């Protein structure tokens, strides 16, 4: 073994960290507003949401599946929360519990249908995306819940640490640690990963793969619902269009963060902190591109180029380290 | 390097180092629509003209690359970093946008809602635009008049999740109910804010109900274009249609007689006057306590940028008519609405 | 008969026939010439898009950038005619060239890096769409030559639109490609089993690049056909393609893992989706219900297919145990 | 003119850190069947890959018909008449047999389109040569495993290959199919001027069919083109492993009148098992013998709850039990299953040694709030991994980087760690080198001596006869015979085959 290079350096996370730092340098030098308090605060809020959405997708990618219904699910849960608080007058804390339970339940439906029918989750969640979003618009008649308790909406605009950081970011980072703990230090987490990596072998080793897959979908629903609540707190209302038509607006960050973070689409690998760094990287670039003023219409173009560059770079790093480890 | 060190220290150690301070000096206005849409295109020239005419520092048209509330928020947030100190927004959401407007206001950056309103309570200074519900109501009235007070009509509109859509649906219903039973809405088709689904659904409607329906009212840009196109292609002059906005296709269909008329709004005037007012606000002007605000379903600090109904008789001259309305608002604006420090 | 039953398109065909009869019994307007014309138009456009995705599914990959390519070509096509006053033919050729180039980029990067096409096309989706927005600044092009408009709206005879010609030719060519040429068979072989197809000397590079190039070309044709139909070049052409592009092949029995696609069944899938969305309008289904209904339809179609497959699997299992 | 069709001289192939081949020689006579033998890792597959153009050698020369050649791709080798029939089935399962046969050179009509009539006709020719009664329009996935194997050979022939490399061609064939295959190979050599390189772990087959033998050991020639008549089994094994083979025989006294530990009574399953009765005594090794497709693995999977049991009872210690899943089996009843397919069902190849070896014990080891860390798992599995002498640089090593033998040891270790009372062991030594194989045999016996009851599925008759205490024969999803093993090869094998061919 080549002991001179610590293992961490060979990981995808390290590459991401370097990229994040490089981009921070670039943007700090080349733009005026990047380091402003307002901008950092705004960034922290966007990052918080992107991390959560990325994690929600990551736990389903773990099973080798996808969750296209993520956005629709998150918005449905958020609308449910809005209804609880505004129409039913349920206290905030209980509402949050109910919303998370509701999100988990919708995730359970995704998981149950996927497992029981054997249809790929891509198709199942494509359909449930339409169904959840449809029911949500039908039941709410596309009306937003705008009169939420102030304590709740104030939380979304709270500014911590000398007004640099949103508390939402703290929630997301905490969630990362909890997930990391679950996957690294619990029986259930290990089983989730094993089931995702090789369902047949896991099943024969005494793991109930179906149940694990359902858990993953439930966890995804839970995290999406959490993201929904966070977004509601952030914009101060539960709005049917807050994740775009059919919740599509969430899909891009949902894929970008785990994919950049090194999660395998074929399943069996989780990278909690990779996903976090991936989300940070994307948000940074997005923000920086706006600040550099490449022209709003070219932002997506550069985002695409940078995404492509990042995956190619990662591939090169992999190639390099694999070569390294054979030689040593 | 120094800046970077400052950044790192502030980001990681969270030390005190306020880099940004609210602006004085020249006014730099950003005009931010909800997303890319031809309706707002006139804002660009309006902003440039305002810079020239009123001596602003900047009045730039900045478009979120997509119709997406969070993209719009991210853009607006980044505008502050770029040094803009006044923002005119078409709200991505009537409520959801309030939060960011409040934060801008707290940072000393005045904002106003342009073309569409945010719902109160809000920290936006005012709303300058078209009352979407009222416009739909007037358009339907015009249609009913053209139909002679009776007939079957259809209503094509935009995304269901857009709260304005619900306002429009209600407004059309109200106009119909006031027509006294002679008019009936036989179908509402929504969720057609993109050309391809709109084309499919509107044509399917024409095929199924084309012989029954007497009138069509459209209350969103894309459905208006597609429906005008469909009527033109069919060569049908029996069905009366009232559209919205000034897309070339709709205007041409009016000239050719396939579309009865359209409800025009005043995007140029919105951008031009809006930029002007933001400059005034930044110079310390206050709105008069007794300013003649109008009230809408969403806000009671509304200034109408003007809506005109255009049909074949004035389709060639509407630009002048619009300009007239704009100038009229501009001329009397200071005296009607503002108290400025001398 | 039993041979027919095994075909993917057979069951779908039955559903289509009975469904159509049922709908026209309730709503005779369904078989009115104008409605058929409208139906054919929407089928024509989606057919090309579905084929563009189908060929990538055949090799076991996904192309998320189908719509972005279509949109980029659509605005280039109209832009060239409006801004540079180019005549139709060279504009079409350049449009095809752009589609080809986009497809080549997708295929080349995918095969050379070994990164999943899902990720590569997610990135190129942003690149192509970004170019589209950057060029147009979200403004449509309106100046379309009369000939193009005519092609998009005129009828050959009866209810049959001109627009249907190209999609039909493409469908026939695709059928020939997938069933009667070695290139198509190699694509399916590759989708079935990458390793073994490499062992018999099929070049992955060639197969993957060809499939993506064809996909790009079809997306380009789709984009230009939509321009003919809409009579304007708007930057959001292609935005709504992604779901139907997967729905039709999957309803037609395609397996996302690759190696199994059926051109006829995919075409039937397109028709089914079009009829459903039309029926929703004809029956005046509450717009709030439309989403839910579509969702359940996709699930239902897949379950039926899945059930059939399951039964087939059982049968072969018993057979092989002699 | 020498009579060698293929000659490799002084081949050296280096991989980073490893010398896979070191001055190896290989000569294939025209119209002969030549066995290429060696332990796993001895360099066989590297040699084959050099012959078929997948790799290029670092040193040495390759002659084809006395002309020096070097192939830069499998395609070139194929065009030069060298075809390889791989262990993994390389047919396109959704294509017809005919199309598979003709795939590299599909006949076209005047329009340049594939002419499927000609495909059927042309491919039929090759099927006829092989005396295979298969309709060329049959879809491959509808064929039996044996027929697929034969189709692979037909495919190689259809390329007009003069050199066939057969890599473990009989690993999934029944004795009858193997016999047919051998007859065919002999005929091909005699009638079609084909020369064959035969790779197998089954030495009996080598003696039955091959003319000459080349053995590789550690990348070098242990013997080169030796006449088969000059060798016997002992000599061959010594050449391969460098020492004598240790023959083990279980010496146990099981009282078969004892109460059964596990009892299957009149089991009928969804997969088609009819009236299966089986019982397993404590500490017994019960062999399940049968041909591929007899329903042995399927029976075990039904018992584990993976497929449905329609009627009948399972008794554990005379109490009826219902096993819903392998999880149930492991956690409630202490029953484990070592799969025949270690890559697909046995191991999680992309994960490290520790999580593969520990997967069965996580549930038992978890602490409060399901807490579990690496050192808890390590403490539990380490003794077993050590006992099995698994060779791995560390517990963090990814399993797919280990050799087949070590992989198999890990998939055994995880069940040892789980401490089950009953183990179903399915084909434990397929594709395993002789050294590891005999080690695993000792282990299985040791386990049963310690009281674990074992149901052993194997298609390897010598393995079955040396390990099992009692042998149940299955055919067509039914039990067709039961014999108490006296460890006499001739007697037992004829009795078992008698059961099958009744």
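Letters A, B, C and D name the chains as they come in the text, with residue numbers starting at 1 for each one.
Just so we're on the same page, a contact is a pair of C-beta atoms (placed from the backbone, for glycine too) under 8 Å apart; a residue touches a chain by one contact, two chains touch by 3 or more.
Only a predicted model underlies this, so the values are computations on that prediction, with no experimental measurement involved.
J.: Suppose chain centres are the mean of their C-alpha atoms. Which chain sits farthest from chain C?
T.: So the chain farthest away from chain C turns out to be D.
J.: If you tally the C-beta contacts, which comes out ahead, A-C or B-C?
T.: By number of C-beta pairs in contact, A-C is the larger.
J.: What's the distance between the Cα centroids of chain A and chain C, rounded to whole Å?
T.: It comes to 30 Å between the two C-alpha centres.
J.: Quick check: how many Å separate the C-alpha centres of chain B and chain C?
T.: 36
J.: With chain centres taken as the means of their Cα atoms, state the distance from chain B to chain D in Å.
T.: The computed centroid separation for chain B versus chain D comes out at 72 Å.
J.: In angstrom, rounded to a whole number, how far apart do the mean CA points of chain C and chain D lie?
T.: Using C-alpha averages as centres, the distance is 44 Å.
J.: Among all residues of chain C, which ones touch two or more of the remaining chains?
T.: Answer for chain C, listing residues that touch two or more other chains: 130, 133, 137-138, 288, 290.
J.: At least two other chains touched by the same residue of chain A: list those residues.
T.: Residues 137, 141-142, 297, 299-300 of chain A each touch two or more of the other chains.
J.: On chain D, where are the residues touching two or more other chains?
T.: Residues: none.
J.: What pairs of chains are touching here?
T.: A-B, A-C, A-D, B-C, C-D
J.: Mind pulling up the chain C residues that touch chain A in the complex?
T.: The touching residues are 109, 113-116, 118-120, 122-131, 133-134, 136-138, 243, 246-247, 250, 256, 288-296, 298-299, 302-303, 306, 310.
J.: So in the complex, the part of chain A that touches chain D is made up of which residues?
T.: So the residues of chain A touching chain D come out as 1, 184-191, 193-194, 197-198, 200-208, 268-269, 326-327.
J.: Considering only the defined contacts, which chain C positions touch chain D in the complex?
T.: Checking each residue of chain C against chain D gives 176, 179-182, 185-186, 188-189, 192-193, 195-201, 259-260, 316-322.
J.: Quick one: which bits of chain D touch chain C in the complex? Just the residue numbers, please.
T.: Touching chain C from chain D are residues 73-75, 78, 84, 86, 88-95, 99, 103-104, 106, 108, 112-114, 141-145, 271-272, 293, 295, 476-477.
J.: Show which residues of chain A lie in contact with chain B when the two form their complex.
T.: Interface residues on the chain A side: 24-25, 28-29, 31-40, 42, 46, 49, 137, 141-144, 146, 153, 156-157, 161-162, 164-165, 231, 234-237, 239-242, 244-245, 249, 286-287, 290-291, 293, 296-297, 299-300.
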